[in-house]
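Note that subunit A is present in both complexes that follow, paired respectively with subunit B and with subunit C.
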Partner chain A sequence: MPLFAPLSTVIWLPIIAGVLVLFTGSDRNAVLARWMALAGSIAGLLVALPLWTGFDRTEADMQFEEFHRWIETFNINYHLGIDGISLLLILLNCLTTVLVVIAGWKVIQARVSQYMASFLILSGMMNGVFSALDAALFYVFFEATLIPMFVIIGVWGGPNRVYAALKFFLYTLLGSLLTLVALIYLYNASGGSFSLLDYYVLPIPLTAQILIFVALFAAFAVKVPMWPVHTWLPDAHVEAPTGGSVVLAAIMLKLGAYGFIRLSLPIVPDASQHLAPFVIALSLIAVVYIGLVALVQADMKKLIAYSSIAHMGFVTLGIFIFNPHGLQGAVIQMVSHGFISGALFLCVGVLYDRLHSRQIADYGGVVNRMPVFAAFFMLFAMANAGLPGTSGFVGEFFVIMGTMSVNFWYTFAAATTLVFGAAYTLWMYKRVVFGAVANDKVAALSDIDRREFLVLGVLAIAVLCIGIYPKPLTDVLNVSVSTLLEQYAVTKL
Partner chain B sequence: MNMMSVCLVAALAPLAGAITAGLFGRQIGRAGAHWVTIIGVALSMIASAIALRDVMDGNLFNGTVYTWATSGGMRFEIGFLIDELSATMMLVVTFVSLMVHIYTIGYMADDPGYQRFFSYISLFTFSMMMLVMSNNFLQLFFGWEAVGLVSYLLIGFWYTRPTAIYANLKAFLVNRVGDFGFILGIALVLVYFGSLDYGEVFALAPGKATERIGAEIGVQWPLITAICICLFIGAMGKSAQFPLHVWLPDSMEGPTPISALIHAATMVTAGIFMVARMSPLYELSETALSLILIIGAITALFMGLLGIVQNDIKRVVAYSTLSQLGYMTVALGASAYSVAIFHLMTHAFFKALLFLAAGSVIIGMHHDQDMRHMGGLRRRMPITWITSLIGSLALIGFPFFSGFYSKESIIEAVHLSKTPAAGLAWIAVTVGVFITALYSFRMYFLVFEGKPRFEVHGSSDAQHGDDAHAHHGPVDPHESPAVVWWPLVALAVPSIVVGAIAIGPLLFGGYFGDSLQVLSKHDVVGKIGEHFHGWLAMGLHGFATVPFWLAAAGVALAWYLYLRRPDIPAKIQSAVRPLYNLLDQKYYMDRFNDWFFAGGARSVGGGLWRFGDVGVIDGVLVNGSAKLVAWLAGVARKVQSGFVYHYAFMMIIGVFVLMTWWFLHL
Partner chain C sequence: MEFSIMDLAPAAAEIFLLAAICVILVVDLFVPDERRYLTYGLTQITLVVAALLTAAGIDSAPVYAFSGMFVGDAFSSVLKVGVCLTVAIGLVYSRSYLEPRGMYRGEYFVLALFATLGMMVMISANHFLALYLGLELLSLSLYAMVALARDSARSTEAAMKYFVLGALASGMLLYGMSMVYGATASLAIGDVIAAVQSGHANSTILKFGLVFIVAGIGFKLGAVPFHMWVPDVYHGAPTAVTLMIGTAPKLAAFAFIVRLLVESLGAEQLVVEWRQMLVLLSVASLVLGNVVAIAQTNLKRLLAYSTISHMGFLLLGVLSGTTEGYSAAMFYVSVYVIMGLGAFGMILLMSRKGYEAEELEDLKGLNQRHPWYAFVMLIIMFSMAGIPPTVGFWAKLSVLQAVISIGYVWLAVVAVLFSLVGAFYYLRVVKLMYFDEPAQREAMQVGVDSGVLMSANGIAVLALGMMPGALLAVCERAVTMSLRVAT
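This part shows the complex of A and B:
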């Protein structure tokens, strides 16, 4: 093993780097803060790479495990370990952090060190969520991520940022309080353990399972977000700075779906099975209802936010049909959505930085002035519409394939995304990018610079590579997915 | 060279050209862009020819390129299946594509998006090759969507035109409706066959002929029928069959070369190809075949009727394409898959020819596409004129021309078919012959014969191909440059001869081998073969058939109405105003779709948003609970008034309540 404790490193290195960036202080040292943040984020990505190369794709157990006693009174341990699902999300997170730092390079001119530090610290915490095997540790990281994002929206956000930040914070906090209750119940039921791996083999009666499921669901459904607890997301996105939107859509939403996979399914399998139709119904409502709502949005960021909800509906659908295609599709959809929604928010950011408007109506004919940008935007729009050859297709394809073996009508509703997804994405694209130059402001636009090209270029390559050759991803996932489904299949009554 | 290398060259050479021209267009310049893409497509055509020769020698090929993904113990692969069907399609696609590439040099000469255009059409060729060469449903869907993407990009090529960017969005969305059915079909195949590989699925198909989908997935349908209908919905989108045809006429907003390549010769025939490729499945479902017959018959007849009232030269050809696609679909429904592919092939040649000739006329007319402004062009554009005449004769099925052999075979096949609804389809395609002749020669007479209806421009220094803005001023039409007319000639040759040459081997010589499968009870082509005595006899006999006289009547009527007595059409028009309006408004389908589907989706979406999200969820639940908390806090604040007697009073009440409760429970 190349590093002594790779998981601790991917968690703590960005956090320490973030704290160091904070020490650069005021904006007189903004340049230093930026470069330090970039170095920190790149280092964070580099230390995550050994996880990919060293990951044993045939191993069913958790890998890179670390175990230290933490709070002995409550038997809480610093227990880390990952499977293929966590691995992909950690890599996605580390890469996104680098891009977000670069994207905020020029746009953020106030409190630069704090802005950059927030993202680095947030990145480390989310890696913590993805690698925690101790329920208390998971909960701490899960809740702690709220703070940097609350700050990011509240400080660098738009005019209505305080309302949005509070809504985001309270919505998600209220959901997760119930989780704590569930974890305390499990702690008692298991005779004083917070180990997730212990919970996996703990027999629980059905009523208790259902209560635990509901408690966990309250936290994770808000985070995903699932209909009808999704309304915090469009507000948060609209008010958040571009970088905040990117991380929110690309990584933070995945914490909820990851929670379903890591906690709900294996800990309370029977309740999951009992309540699956309910979750599936909500997922399909997300696909259809939200698809239609996205269509009428006048604000680009709101539209993409609604599109995120619809795409996350595919993720929860894939998880709760309990078969390999579905679950694997869900995870790939999470990764892919990370790249695509991140890229789309960056595209909107590129326009917003120039014109200071997110309204579709203020644009038109952008392609005449920004052809390179238009090409990137087209790629990401098509990926969002699930075009084969882009990553957007892979997840949707597997989820649709998996759903068909469960129910024809579920599949029917899910597949409407082919039409709705294309309709809202391309209609927006048409109104913003195509056409004759709409007004003087559009006429004065300049095409993307090298820095923007770099960020969008990296994402474009990722989107295409996954679309054309997703096998490296599925290789990492296969064993983890089947292990998880085996655990799920054993009743715990 | 082994077959795999040949296949890779055939597929990837156009892709390499597209990438080079697309990403490095500025560096390699205009000439560089057309050379690199033309070389790519030419290599692809050579490779296709080699593949076809190998197949003729009996060397079929089925191989995997790479494993795309694995899931649940299944492998999803990218691979090639080269048999008679795919090799034929490959050659047709690359040949037409090459002609269109060359033609584009002339047609797009002054367009600022020259490199981009070449990049797109090469990308299209790559996508189409992936589609026809696929050996599995996954890659088929890849190609299927990729050609849709390129079609979208090319219809909207002139992106500043509002009509173009409306048309490309419409085309993509209507196609997506078809793809919606298509992906459900693919999912059913995966679930019930456990594989997406053609070979494995087709091998298992006969054993599942009577299987029903169980209640376990919520429906109880015959399996094969459900799969076939779902897949056919995809074909209806791509091959523009009623009622998903609405995108094709609007797609004429794109530059003419792509109307020829994508919206006539190749992409729109992908649905026909797909059904033929799935013949082992479709043979097992009479219900699906009947549906195909009905849809094809409606398309063939009613879309042809619309061609009669169009004045835009490209739109006439577009409606003719719809109608001819209907003919191919009818052939599929009659289990005459080889005839459908035969008509697909002849149609690819003569329809690409007609489109490119129309494009040549449009160049001559300085991008005025209205036929009412044309007339008498035969002397000014002799090569365009003669090739157009050849194309038109092929289209109406004049004996010995290529279209005659294929169309005659379709009519014959439907006539012999015992599949339900075949009788209806036979009437539609027979009447369709008259309609085809009428609109084709209406166009021919309006454009090439009679007196010029345009104002002649004095000088000859007019700008050619001027970025496609219509000019209505004086024009001076004359023959287009060699890069434009040369492909016309190259397409005119097969438009004449390919029918006579190919009909014997293709339909009756067992050419397609096992790539097309027909049950003996559906084998209408075999029955036609019993009366087939060579192309010469068939051609001569062609002068004595009902369709011939119907076509002749159509031509004669067109001649009388549009050349001899051009005053009559206007009178007819005002005499049957409602009928004319019905045709002019395309059966009001566009309006209905705009109002019902596009408007409906927006209204529902807006309603859900305002009422559901903003009203109930945010208004009542989220902000409501915030208000509730504030209200409760307000109540609680009142309780804590700070006056001692309030607290004392509350304490007494409390004690009283507690004591009551305690006594009651004693």
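This part shows the complex of A and C:
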């Protein structure tokens, strides 16, 4: 038993920091709350680094495992452990939290301590989801994340925030409650265990597998979100404050995809194989149809929200074609989308903070007043469109390559994203940034300050690094991905 | 009936409580109004001592007393400790509410203590008559407490309804018990189950009696379709009394169900019968409780409907008919009482002289008026909705586990779907507190004692959510050690 428990630290340090921030109380201590939150989030990132350096890239089993008895009555254990996939998502989460804290530095003036605390606590909980190896623990973290996000959208959101927050909460709760029933069923079927590792080797008849798959699918598909249960996402994104949108797009959506990878596929592989065409169809609809929907949006945040759904369609597609390229591509796409969508929401936030409008029509010619910002925005827009050299390209390329070995027409449909993605992103970019200065308000814009530069700069570096040299990522993923695929391939009937 | 001095030991807490009530009744006559805190203090001391006396027997194997009328076992000890502490905490929350409303009087405390005694007798009863005696002692005290606000038409009406429907329920129970007596020739729980299991009892009469007993239980518990009194009484009674009705008696009611259905009529051929009835009651309660709660604008009525749905969940645990299920139900009811204390207590805390904070609107912007209590209420609401990491989640999980383990997956699905509906109105409370601007700016005036307890209450909901193991183990042990469950 090592003295230092890295995973527990990664989970609990942000949560404890969040609670401490909460205790700074009213807005009289806002400055203190901000600095404490920054310190907490940076500390959270720092303690996650040993995971990266200490991670054995050749090891197939879970690493950094921690095991404690938790609830004896139900044989629930505090069991943590990560593989390469979890590792990347945890790092993404820790980094995003720092950026979100910085991004909310000036914008949030009301109830600062509660705002910062919500994000820190949320961050810890999501790390918990990514490292839980016990189904009950996973579920607790998975569902607990709803509470801070509900508060974030509802308190600091836009005019229609109450509707959006309630819709977000109830939509996602519906799915996860069915998952709860499935998990309890598995608990009984496995003779009283909540361990995911036990479930991986538990034989289950096909009918039961399909029902379990459907129950799990209800939770994860809503979270991803997949067409047609995606309608909560545009509402939530539009109403959420910038930081909320960033975390929602960058991390929370990944909880669903992660759930597919960690629960659905290994626990019910036969049902997954059986229903894969169905899931693939939904994914392709998301890619094509939602891509077209994004094209006609007048609201920038809504546009990026729809673009998120389309990109997440790529992720589910990659997962459900069951080959190494697809899965690896899906995970890289998750990470890359975390950076890109986060960055795009921050860009919109930068504009919104100045002009208090998200309508594309209210802008035009921004480049004349904000050249530095326009450069960053350009990079992220290109990355969103999947330009080679950016991280957006790597994931999509892998997935498309993986699909090609399965079915040409899947590939064909998926590849349309390169057209639609470019169309909606760049068209929006053109209307907002280029052209003559549209109105007096735009004329009065000032370029980004150092704080905003820092946040966008970090994301730009990340996007470029992954785009140019993705090998560190694929190194971490290789063994985990092939182990997972071996698991999926074994029938459990 | 022979009397032995040894009989007094298992009933020590009850005997002490009765003696203390008599003392308080007399002492209160000599206490002037401005020193009423003496009565209050004595009441609290009595409750705590009664809890301690009960706790002494928490590890014992079942001990029978008074010719088998009374039983002291781990199950009853746990529940009785729970009852005493719940009433004590409830009185702390109530104090500042009672004072300006002219109810801070000896009668209130004596009635509360009598109700406590009734609950303790119910919990420890090992004979139908003792069970009935305890139930009536509890009910009559509660009727009187509801009517204590003499000048309020609403309270008087509520008391009237409560009394009439309560009497009807008691009648049903007695009728059912008499049927069981007719079939088994005994009213002692041990003899009844023996007669039922022997198979010689007339099964038609037994089932007939069972129907009436279940109906009586449904009334007392407030399960649909016997729920009509719940919203009116919760709404009409002074909030302090609502707190009293909504919390501790649920523990007693659970014991009542267990003594009647499980210990007396728990033979296999009867379990299948009452399981069907309880399925209907619980599904109806879940549906009606959760759906109708959405339309409420009054917080007390909302909590009343929420209670109905929670009782539906409680019945889910019982109807599984397994030891696991009973301990899950016991855990559920304990958790419910903790949450109920917090929720009703919060209404009391927010009320001031001449101002009842019982409308949902009154919660508006609580986060800006008092962030800490808003946070406590947030935790309690999420716990009632069953969202982790609060303890309400584990309560739901354990009950669902019991239901799924007997193969009723569909029932679990129904239950979770309606708890989704339930989540909506709990979220609405959170929305009012956090998302809306306050309608009034006055700060809450909360006494130190109730403030500290309320904080502890909220933290307990959260802490038990992170570490539910101990409470789960207590319930499991109490059930497995004490209950004579037919297999």
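Operating definition for what follows: the second predicted complex is superposed on the first by the 490 of 493 C-alpha atoms of A that agree within 3 Å, B and C clash if a C-alpha of one lies under 4 Å from a C-alpha of the other, contacts with A are read in each partner's own complex, and residues count from 1 in each chain.
Just so it is clear, a residue touches a chain if its C-beta (ideal position, glycine included) is under 8 Å from a C-beta of that chain, and two chains touch if they have at least 3 such contacts.
Given the structure is predicted, the values throughout are model-derived calculations rather than measurements.
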Partner chain in contact with A:L454 - subunit B first, subunit C second, else both or neither: neither
Subunit B versus subunit C as contact partner of A:T231, first or second or both or neither: first
Contacts of A:L387 with subunit B and subunit C, given as first, second, both or neither: first
In the superposition, subunit B vs subunit C on subunit A residues touched: B
Which superposed partner A:V214 touches (first subunit B, second subunit C, both, neither): neither
First (subunit B), second (subunit C), both or neither touched by A:V162: second
First, second, both or neither for A:W409, with subunit B first and subunit C second: first
Footprint of subunit A on subunit C - complex, ascending: 367, 371, 382, 387-389, 393-394, 397-398, 400-401, 404-405, 409, 412-413, 416-417, 419-420, 423-424, 427-428, 430-431, 434-435, 468-469, 472-473, 476
Residue ranges of subunit A in contact with subunit C within the complex: 25-26, 70-74, 111, 114, 136, 139-141, 143-144, 146-147, 150-151, 154-155, 161-162, 165-166, 169-170, 173-174, 177-178, 180-181, 184-185, 187-188
Residues of subunit A touching subunit B in the complex: 167, 171, 228, 231-232, 234, 289, 291-297, 323-325, 328-329, 365, 367-368, 382, 387-389, 393-394, 397-398, 400-401, 403-412, 415-416, 418-419, 422-423, 426-427, 430, 433-436, 469-471, 473-475, 478, 482
Residues of subunit B touching subunit A in the complex: 66-73, 138, 141-142, 145-146, 149, 152, 156, 159-160, 162, 165, 169, 172-173, 176-177, 179-180, 183-184, 186-188, 190-191, 213, 217-219, 601-602, 604-606, 608-609, 612-613, 617-618, 621-622
